[in-house]
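You will see chain A twice below: alongside chain B first, and alongside chain C after that.
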Partner chain A sequence: MAITYVAIATTTVGAGGAASIDFTSIPATYTDLILKTSIRTNQSAPDDYFKITLNGSSSNFTTRVIDGNGSTAASYSYTTSPGSQIAGQANGNTSTASTFANSELYITNYAGSNNKSFSHDGVTENNATYALAELGAHLWSNVAAITSISIAPYYGTSFSQYSTATLYGIKNS
Partner chain B sequence: MPTKLVVDCSTGAVEEIELTAEEIAQREADAKAAAQTKADEEAAAAAKQAEKEAIAAKLGLTAEELVKLLG
Partner chain C sequence: MALTYDSLATTTLGSATASVTFSSISGSYTDLVLICNVGTTANGNDLFVRIGNGTVDSGSNYSATLLGGDGTSAASARQTNQSQQYLNYKTNTSSSISGNAIVHFNNYSNTTTNKTFLVRGNNANYGTDAFACLWRSTSAINIITITAGTSTFLSGSTFALYGIKAA
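Entry: the complex of A and B
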């Protein structure tokens, strides 16, 4: 039976925190990529986001998200950086201790020669009324094959210890 | 000095590398831009809410009653 869902690489943030997590030299041998994250940042708030950079580029991203936080629902569109680079959820450091936000990004045809679209779904975790759930649709208007992915806190400046990110490759056969 | 985690997918090796001065400057510029975007969104939401309340007041309704009427 063909192996269709392969963990390419994973990493966990150490005690000193990390300003970003960068996956480099991504092989072109898969059809799609999935990035699964468990993230907390040093932002002084219940929640934060993380932003994405592809092949070192922060330009030509378009993002539309819908979210709900337990009391209100909203939608946002971004065409300029850094808002357009929002790609997933993070817990901030005033959320319940030792909890992390979970997100999944699905990047289709990452090694192809068309513009790259991807989606994300994510939730923050908090033992309180406020927590955020979000869905996002994203476009990177660039035809280059994706060979590197970098994620970094959006409002905060550092990922907290024990945050993790795992990159998976998906094959269609 | 802040560091980044770099994972080489061809080898699985993970390196912790100090940010360059340029990367630190970019990070600070992005943080300012993110904060400004948030402030703009909150101002737009407040203006929208004020408009709703003004319309509701003209009709002699509370904003909540107007929402229920339109819902």
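Entry: the complex of A and C
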């Protein structure tokens, strides 16, 4: 029986940080992609986000999110970059030390000929009254197969050491 | 090494179709994951799922807690005694293939407990949703049907069912 859930690549940020995490030459042999991240940035705040670039493109993204921060829930819509590129959560460097935000992105039919829709579920964590949980719906209005994915801090300039991202391929046959 | 995540069935529509059914689902897994990437022939339709054993259940046995956002406001609601389960709340379908739904059926094949399942619905043109759902039946799930209400799914819409094995 074919193996369905395959780790394609993983990156762990080293000392000194990294401005981005990049997955290139993604094969078209899977059906869906899952990106799982554990991210902290140098942003001087409790939390940050990361933004996504697909095939080097930062345009034609549409995003709607719902989030809660421990006291209120809200929903936002983004149709222009860079806000529309927000695709996951990051802890900032004033949050509890050694704490990283988790996110999972699910990209359906990434190699197909339709526009690409994906979702994200993300959380920051912090030993304080404020932390963020967020769900997102995303559309990249581009029919090209996704061959590269890059993520970068939204407010900050660098991912912190020990941040990780792993890309998985899901094959339905 | 045991394979944990198996592809059970997949459907890619070659023409506009009203519903998609996965039947005779093996009971040899622990959990099921359903992935839908869909559009419908008109904007603004709902997505539904019915599940059952042998035949899908159209009785008033579905309930759910909903959480959704449309880009402007966040909301939560309850649905009880439904004859089918919505896969959308603030999310609707589009007339292009631009939305998806991810459904996790936990412990789907046991015959002692009612079945719970989790839904994430996404369409960036409308919103994003998360549901916790209950099907009040102790029967094992071996059939799943997805519909778009009174609309039809566009050609090219895809539906995939995966099995997760605990051991």
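Convention: the second predicted complex is superposed on the first by the 173 of 173 C-alpha atoms of A that agree within 3 Å, B and C clash if a C-alpha of one lies under 4 Å from a C-alpha of the other, contacts with A are read in each partner's own complex, and residues count from 1 in each chain.
Going forward, a contact is a pair of C-beta atoms (placed from the backbone, for glycine too) under 8 Å apart; a residue touches a chain by one contact, two chains touch by 3 or more.
What you are looking at is a predicted structure, and each value in this text was computed from that prediction instead of being measured.
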Fit-or-clash call for chain B and chain C when the two complexes are aligned on chain A: fit
Superposed arrangement, angle subtended at the Cα centre of chain A by chain B and chain C, nearest 10 degrees: 110
Chain B versus chain C as contact partner of A:Y155, first or second or both or neither: first
First, second, both or neither for A:D121, with chain B first and chain C second: second
First, second, both or neither for A:Y76, with chain B first and chain C second: both
Which of chain B and chain C A:A19 touches, first, second, both or neither: first
Partner chain in contact with A:T4 - chain B first, chain C second, else both or neither: second
A:T63 touches, of chain B and chain C: first, second, both or neither? second
Superposition-derived comparison: chain B or chain C, residues of chain A touched: C
Touching partner for A:K36 - first (chain B), second (chain C), both, neither: neither
Lowest C-alpha to C-alpha distance for chain C against chain B (Å): 11
Residues of chain A that lie at the interface with chain B and also at the interface with chain C: 76
Residues of chain A that touch chain C when the two form their complex: 1-5, 31-32, 62-68, 73-77, 106, 108-109, 112-115, 117-119, 121, 135-139, 141, 170-173
Of all residues in chain A, those that touch chain B in their complex: 8-11, 13-14, 16-27, 51, 76, 78, 81-83, 150, 152, 154-155, 157-158, 167
Contacting residues of chain C [partner chain A, same complex]: 3-7, 10, 35, 37, 39, 67-74, 76, 90-91, 96-100, 102, 120-130, 156, 158, 160, 162
Complex contact set, residues of chain B against chain A: 2-12, 14, 16, 19, 23, 27, 30-31, 33-35, 37-38, 41
